[in-house]
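Next, two complexes with chain A in common: one pairs it with chain B, the other with chain C.
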Partner chain A sequence: MLEFFKEFPEMSRVDLRDFKNSIDFAFRSFSRNYGEGIESFFDPVLWFLIWLEKLLLATPWPIIMLVVAGLCYLGARSWKLSFGSILTFALIGYLGMWEDTMSTIALISVATLLCISIGMPLGIWMARSDRVQALITPVLDVMQTIPIFVYLLPVLMLLGIGKVPGLIAVCVYAMPPMVRLTNLGIRLVDKDILEAADAFGADKKQRLFGVQIPLALPNIFAGVNQTIMMALAMVVIASMIGVRGLGIPVLQAIQNQYLALGLMNGLAIVALAIIFDRVLQRYGKRLQKHRIGSKND
Partner chain B sequence: MKNLLVSAALVLGSLVLASVHAYAENCEFKMSDMNWPSATLMANVDKFILEEGYGCKVELVLGATTATFVTMNEKSEPHVAPELWTNSVAEPLEKAMEEGRLFSANIGPITELGEGWWVTPETLKRHPEFKTVLDILERPDLFPAKEDPSKGEFIGCPAGWGCQLSNQSLFIAFEMEKKGWVLIDPGSKAGLDGSMSKAAQRGDNWLGYYWAPTSLIGKYNMKLMDFGVPFAGSENWDSCVAKGPESCTDPKPSAWTKSIVQTVVTSEIITMPNVMEYFGKRIFPGPIMNSMLVYMEDNQSQGLDGAIEFLEKHPEIWTNWVSVEAAKKVKKAL
Partner chain C sequence: MTNIKVSIKGLYKIFGNRPNYAMQHVLNGITKQQLLDEHDHVLGLKNINIDIPAKRLHVIMGLSGSGKSTLVRHINRLIEPTSGKVIIDGENVMEMSQDELREFRRYKASMVFQKFGLLPHRTVVQNIAYGLIIQGISEGEASERSLRWIDQVGLTGFEKHYPAQLSGGMQQRVGLARALATDAEILLMDEAFSALDPLIRTNMQDILLDLQEELHKTIIFITHDLDEALRIGDEISILRDGEVIQKGDPQDIILKPADSYITDFIKDINRSRVIKIGSIMEKATRASGPKLVSNTSVEEALQIMTSADKSVAAVVDTKGKTIGKISLEVAITTIARPVHDNKEPRYK
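For the complex of A and B:
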């Protein structure tokens, strides 16, 4: 009897082994039967990614720099930022990281777009229903805490190595903050303001786009910031499953203790993150000024 | 005369006694239990057979290649490294052997091991005309790359591994780009494993770098391809292929350099003829070793479990390594 309390009554070794093997086997047959179908489902994303990467690589570098500076100015209306980004890109190119950087930009911009365009509606949906929130929150918890290779292993089995699994890895990790902060931002909108909107006869759509989202923008943009930072932090992990880009030299550096190589490529990732983020944040601020300003008129 | 006889008998007797005594006393040593599955399996098989069959006392010591080699070389302990991959320690090992500190007890304890280019068994079933790597290189269309299906995909070695450079060089040496191939960097061991497993599970064609003995090779029954060209000399390999395309631009096509694995022992073991004889005969056939690694992985078992499974399932192999008497004792102990 005492034995029962001393040792946890665990499954027998044979049963446990069979249990594990049956899961592995079930997944293997799933992958055999549906793998190709799932793979072709993601093909459009893959084609787009490849197209974007090729476009970035084929475009002469001065044009890329001009476009970057132009986008910076359009987004942030700041000459300082435009100039800074040109300088950064020049340095990256000079240090021989141009091609890897282009590959990384292709992956990260697609990943960020995907995360925002899925994450924001999801956050809005969550904000409107407590039941949805109760359902999605644990999923987000799993996405953020589960060790990366635990879910990458089945993804690798299904999709092989390459860009799409890399994109999935990045998005699984980078999307949750977008969802959470959109949800939070909308839930924090003052009830009185909503009542006022209702009193003016705003329908659901007007209430959402005219009141809730504009007022939630600071939080939403904090979400965008987090998403970008996390996406870029995942570049190295994505390279571990065969995605070209700045992650590959970082892995090389880690494996062989090449200090300078690691530092250079690591800092290039940081520089990209900062440029992406500053431009979008300034853009967000301008958006809010404009909205708030127009409301005050 | 009588005295002489007595003293001779005494001397002889004491000699016999001494040697028996020395044998029992001496057959006690430390063996390295290295941190990868085939090495830990071997160490446990050796320990079981030597302890049960020959009455030795063997202590297993954990360690990786370099650390084990250094302590063996400097401190003469542990006394045995059952599966030492000597390529990485070639120079100091040679020196230690010349100076009589270390000895090779077996220059090939596992057969069919090493690095190279592998394909899935389905590839060979569908295309029996593929005899060597050279045949495969003519058909990149059968190995379409995910990102550019007009090219053939060759999966190289993960970023930063030593073999990455060798694969890059061979990619150039075999003019694979001209033949319509791309070299894919799988990024990590997980990426390489995933890529190979996916293809093997679906029965797709796959051409890539891997090595044996490993459980994945055994699990999917992967086939090592002959390169179709001989090894083009260690000059070409060491100072060109292995240095990578950035240091050497004109590598010659070559088969992969032979990995040398040995059972290395210290001078103390040399004085134990039974043990030396056992190590000399102890050769694992590659496919059996791979299948044991699959068993160990499937059952998530430790080295000892794997060793007992091997001794139970494959007596046809290990009984040839030992004396009849020792075999009986080992069988009894199982």
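For the complex of A and C:
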């Protein structure tokens, strides 16, 4: 009798093994049967990622620098930022990280686009229904807290090593803020303004695109920003499953204790993050110029 | 009154989880307080019946919590009633389908809000054009039509500004122009000027009255301010605890307050300025003394009579025909504040 309290009554070892085996077996047969189908489902994304990476690598570096500076200026309207980004890219190139940086930019761009195109509609859907919100919130919690390797495993079993599983790993981690902040932004839209839209006979589409999304933009923008930051943070993990980019040298540095290599590539990731962040934030602020009481033209 | 535009019939609104159940108690004569204490439901509106004639400015007045904002939101069904009808041009708004209701809101009734309800990311022109955009009119044509209203409400030069750059009074002019731009026949104004400071409020009232002279909309104006109600209203309905306690034109309300609640309300009013001699004159076909048009205020009449040193004046209509007479004594008595026999308890 005392035994019962001393040790937790567990499943018998044999049963437990069979239980685990049956799950493994079921998933294996699932991935054998459907793996290829699922893989081909991601083909367009893969194709786009490869195309973008090739494009970035094939474009002569001065043109890339000009484009980066131009985009910085368009987004932030700041010469300082444009100049700073040119300097950063020049340093990255000079220190031999140009190609890896281009690969990383390609990955981040595709991952971010994917997160926005899935995360934003999901967030809008959540904002419209409390039930959907109650359903999706725990899923987002899982996505953000589950150890990355745990969900990498089934993805790897299903799709093998390569760019697509890397992209999925990045997106699983980076998408939640996009969903959450879209949801939050739309829920925070001033009820009085929505009532006015209703009183003028706006239908659901007019409410969404004319009032809710424009007014939620600051939050949606914060979501995009967070998504990019988190995607960059995943670059090293993604490199473990065969995604090219700045993560690979970092991984090598960890395995071989190359301090300088790790530091340089790590700092290159940080530099990219800072440039993305500053440009996006300034752009977001410019979109919100009507919020400030100042005169505009 | 002929040509009723908006007819509210037997309108009830009960807030709570089971309004239909609570409705039975209300029909059985339970009071608002009892309903709240015993059944945890709030009686918002109780058996409201108001007929609003076309092309007039009808004021619904009441203090906060009287249900006036709830009432106006029933007219375009932003709030669903527990029971009752709102009939506009022979059609019951409460029975419209979602599509019909949307059409109704787009073309028939527009609204002005206490907190303006402007879209912060759209400029003044774009805000005024909003109702037109919703109607499906192209952005270009809508802005063009809006420009006319910018001029009407005196916002020329501010077309490209954003609402946050404007003062409250200017923002509400945008709100007014936006509501007028849709050419809706009915204009619902929910405490439209209450958030503005007194000088600007009077100024906005003037703008509204000027526009109304030209446009002849059916305006339903909600306010808690009796001065405002008396100043702009053709007709006034006074609401208290979700019930209409008096309906009438401003003269009626001042000269014949229905109960001590309203007496209390009107005691601070400058009677000599509000009361017109037409409503206190003695009918006559001939009279001596200076000729005064019937809508002259008592204040003005007194001034004219005393300076002419006459104790009687003739009251004439707009064509100059004598319709009555008024004595100095009657005019002075009218100004004296009525003492209501306070048999019923004073309203707290």
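Going forward, the second predicted complex is superposed on the first by the 287 of 297 C-alpha atoms of A that agree within 3 Å, B and C clash if a C-alpha of one lies under 4 Å from a C-alpha of the other, contacts with A are read in each partner's own complex, and residues count from 1 in each chain.
Note that in this section contacts are C-beta pairs under 8 Å (C-beta built on N, C-alpha and C of every residue); 3 or more make two chains touch, one makes a residue touch a chain.
What you see is a predicted model, and the numbers here were worked out from it, not measured in a lab.
Peer 1: Quick one: is A:Ile248 in contact with chain B, with chain C, with both, or with neither? Answer first, second, both or neither.
Peer 2: The answer is first: A:Ile248 touches chain B but not chain C.
Peer 1: Using the touch definition from the top, say if A:Phe200 reaches chain B (first), chain C (second), both or neither.
Peer 2: Only chain C is touched by A:Phe200; chain B is not.
Peer 1: Could you look at A:Arg286 and tell me whether it touches chain B, chain C, both or neither (first, second, both, neither)?
Peer 2: In the superposition, A:Arg286 contacts neither chain B nor chain C.
Peer 1: Between chain B (first) and chain C (second), which does A:Met157 come into contact with in this model arrangement: first, second, both, or neither?
Peer 2: first
Peer 1: Tell me the contact category for A:Arg77 with respect to chain B and chain C: first, second, both or neither.
Peer 2: A:Arg77 sits against neither chain B nor chain C.
Peer 1: Who wins on chain A residues touched, chain B or chain C?
Peer 2: Comparing touch counts on chain A for chain B and chain C gives B.
Peer 1: Residue numbers of chain C touching chain A in their complex, please.
Peer 2: These residues of chain C touch chain A: 76, 78, 101-107, 110-111, 113, 115-121, 123, 130-131, 133-135, 160-165, 178, 182, 188.
Peer 1: Taking the complex as given, what residues does chain A use to touch chain B?
Peer 2: So the residues of chain A in touch with chain B come to 17, 20-21, 28, 31-32, 35-36, 46, 50, 149, 152-153, 156-163, 239-244, 247-249, 251-256.
Peer 1: Show me the residue ranges of chain A that touch chain C in the complex, using the header's touch definition.
Peer 2: 192-193, 195-203, 206, 210-211, 214-215, 217, 289-297
Peer 1: Of all residues in chain B, which touch chain A in the complex?
Peer 2: That would be residues 146-148, 155, 158-161, 164, 184-188, 190-191, 194-195, 197-199, 201-202, 298-300 of chain B.
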